[in-house]
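Please find the structures below.
What follows is chain A paired twice: with chain B in the first complex and chain C in the second.
Moving on to the complex of A and B:
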């Protein structure tokens, strides 16, 4: 009897909790209503951001990157020099022009096209505020790559690659970390002449890659391979200079677009500098 | 009686509370059945894996709150002790806490503590990226950003020095004899100190690489340009001899300089009165040293400090010694003589005495006997069966 009295009293106490639980359970019912309310307020800013984001996609070479390099520049920087015939990778054969005295020569016409598309892609990523990670395991050029990344405001990794960097990122860095949106390999091999782990990991994590592939590299997992020499200082300095200029151009363009759109919400003619 | 009654009511209520709870979960189950399915999980899964979480993390607001509480508490403490809150130092806080909360515990860390939160909570890294998710540091994705930045900066400086050298070579002004950075009396930062500086853990290999790179920078002839940078990673060595307390010379009524010293070895203690009289007579406990120490080894021990400094016939010694055996008495007197001699010597000579080991008391004592063994080390005879 007494027990019954007690339970009733305590039930009365506890009832608001059930009601609250009921509300939390039916949360989704209210969410749609709020979403409907906020949409009309955002149309202006979203329309502007959509315009800023989609405008470069309408033109093939919005950032005019073809004027940054020419075939002669590539030749002078010795980009066409590959390794000896014995080091040749089977999958690199389509990119080779031929071989002279057993040294493979990379076809610079193909390199021009690939480099153009790779730089264009990088520019678009940088324009949209993506994180670009420069990777190279060559000790000779590590400092150069890090300085390039620091100058563009992007990120570099020219050190020992810890296994779970991309695949185990929330544990290694902390929850809520943002992974790179593009990885640029200035040399796809590591110090023991095997493919860099980052190529495979980026493919696993659906991160697009741009990579300078020499005649002893495997181009299959790289999204935008650029056949070229990765051993000569002249060639590496050329690549670093090109990537730095592309990224800076893209970021400046973005800032320009935002300023102009901010000043005049009315449209802008495409291709204006 | 009443207390026992209360206890039973309490336990009764608790039991009812328990069944009430069960009742509520059942009812909430019914109401939420349409939208959510309550999973029945055992208590094992609700337990957190404490080991996997790593060291405890404190948020920035928590630390800020702790700092505010500490400052307010400091002022309250000052008021309690009747001191001025404005000029209340950490030393005053420590003394007040020791007075208000006297603790007989041995371990310092177990005693009550009131220190600034920065000293209590370990330094932690704040969130490394901004609102848009972009990390602040360009080497963030390496995992060890501070260490690799340090390596990068050191290498940049080495390249700059080499470039400077090349420019001088081009002008024809390059010389090998340039002002070098003095490394005497300082040491490189230890691995623990470097970790503290970088707020990051580094491995032995990384530390070795860092030292290698710094040495490489120092090997360049014109490295004195980067002296400030290099000195930041060096620590001054303390001069051990400066820790020696040298008693000032005393003069008796005839104007003869004298000094005293005492030393201990095993269980023997000895005191010595050195007089600068150029007679060279030594008496121990009233008897001549030759009669007191018939063994040559003991007399050699006695003479060694004087022989080492080359002042054999200069001093007149009056020693008294007790305890121990003849060897330990000789050792005790040797230490006493060395200590007494310090007042007569210069700084450099004190340092040579210290390096010779004359001023170090011998810490060896008789090791205790352990149970289950015949002596300190000797075990009982092992019998196979």
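Moving on to the complex of A and C:
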């Protein structure tokens, strides 16, 4: 994939598709996708593109993700069960409902809100054509995470994390590598119960993270923490299913919006400048 | 009580006839209760707003609860991002869940299901956060396959211990249970 010249960051949308749709009448200046840089002039096509990009931002739940899950679903998937009191991380105390016979119970009311905002953010990133990386070092769920990523057309990393994967990427993987725009941690711990290196590295590289944080995890570096159980297969399957449906929904919406805008000729919409 | 409330909410189609009919049925079923407690709940009757019919005892309390649920249905569900299902609160779901109702896990009998087998180790899930691992018993060893339902006696829901010099407990990510035996049913054998 000739992704060399794309700028890193949140709004890096996959330009070749849009270029092909919008610049049908342009001359040889935009003949090859790799030669495209940021445009100096505001033309009609960018106005249409901006409209596609900005429309979802006006509504709080544009992708209607609250329909995908309910409190009962989370409860039945045992998302509220935490570890024992002795394993508790101090910073997870605000997210806990309480402790029952030494087992921490996570407050599902808070989890609902956090999960809603995390899924909404994921959907917006997917809508804008961002690269999403699923990370989990739990060997029990490695295959599940990898197949989830494959099903929604995104990426997964469930093996040993090399130290410089994000921080030393241009040297390890060649110049001009595009880093992920969002990293989703389905478990923020590695196999020795330390925080996964990717959480710290993503924060260093300004990559937003969504993470399922159990009662023994540190939620402070995760951009969108989702307090919940990360040990039970039922809970992990629920998260994977939700993320997959969110990303597919967002991508389908994007295709639909582009088709709708593409049907009306690009030249007719009056440019803003 | 919870089951009755659910039935009434399912029947409610906007008319007030159904709840009354349900309450009449309840009154006939619990006539002894209403007779005993009518004196104690007579105060409730006079304080309640005038209903179509004078209710006493259980019926009065029942109507009060259905009113509360009606109000909750009108206001509570609209708050939740447009969810239209009749949702109980997390606190009530938790309180009525089998895990909480069970109490301490020590020496409790539960039914588990084998979801993975590695040679003689059976990985059994019984509905808690973690699974337990038990050795295949010598009696009827071949009958323990994936999907078999077994009886367990729980010891601990999560095996954790604080070692010297550590800040937090070390957890094994497993529960501890003693395998008692199979649950004899034809379905267990045909499941994979």
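Everything below uses one rule, namely that the second predicted complex is superposed on the first by the 222 of 273 C-alpha atoms of A that agree within 3 Å, B and C clash if a C-alpha of one lies under 4 Å from a C-alpha of the other, contacts with A are read in each partner's own complex, and residues count from 1 in each chain.
The rule is simple: a residue touches a chain if its C-beta (ideal position, glycine included) is under 8 Å from a C-beta of that chain, and two chains touch if they have at least 3 such contacts.
All figures in this text were calculated on a predicted structure; none of them were measured in a lab.
Participant: In the overlay, answer first, second, both or neither for which of chain B and chain C A:86 touches.
Facilitator: A:86: touches chain C, not chain B.
Participant: Between chain B and chain C, whom does A:178 touch in the aligned arrangement: first, second, both, or neither?
Facilitator: After superposition on chain A, A:178 lies in contact with chain B alone.
Participant: For A:259, using the defined touch cut-off, is the partner it touches chain B, chain C, both, or neither? Pick first, second, both or neither.
Facilitator: Neither chain B nor chain C is touched by A:259.
Participant: Report for A:78: first if it touches chain B alone, second if chain C alone, otherwise both or neither.
Facilitator: second
Participant: In the overlay, answer first, second, both or neither for which of chain B and chain C A:116 touches.
Facilitator: It touches chain C, and chain B stays clear.
Participant: Look at A:192 in the shared chain and tell me whether it touches chain B only, chain C only, both, or neither; answer first, second, both or neither.
Facilitator: A:192 contacts neither chain B nor chain C.
Participant: Once the structures are superposed on A, label A:131 by its partner contacts, choosing first (chain B), second (chain C), both or neither.
Facilitator: first
Participant: Which residues of chain A touch chain B in the complex?
Facilitator: 3, 6-7, 10-11, 14, 17-18, 21-22, 25-26, 28, 129, 131, 133, 143, 146-147, 149-150, 153-157, 159, 162, 165, 172-174, 176-178, 180
Participant: Going by the contact rule at the top, pick out the chain B residues touching chain A in the complex.
Facilitator: Touch residues, chain B against chain A: 12-13, 16-17, 19-20, 23-24, 27-28, 31-32, 35-36, 127-129, 132-135, 138-144, 148, 152, 155-156, 159.
Participant: Would you tell me which residues of chain C are touching chain A in their complex?
Facilitator: 80-83, 85, 87-91, 93-94, 97, 99-100, 103-105, 115, 125, 127-130, 157-158, 160, 162, 168-171, 173
Participant: Looking at the complex, which residues from chain A come into contact with chain C?
Facilitator: The touching residues are 61, 66-67, 70-72, 75, 78, 80-84, 86-89, 97, 100-101, 103, 105, 107-109, 116, 193, 216, 229, 231-233.
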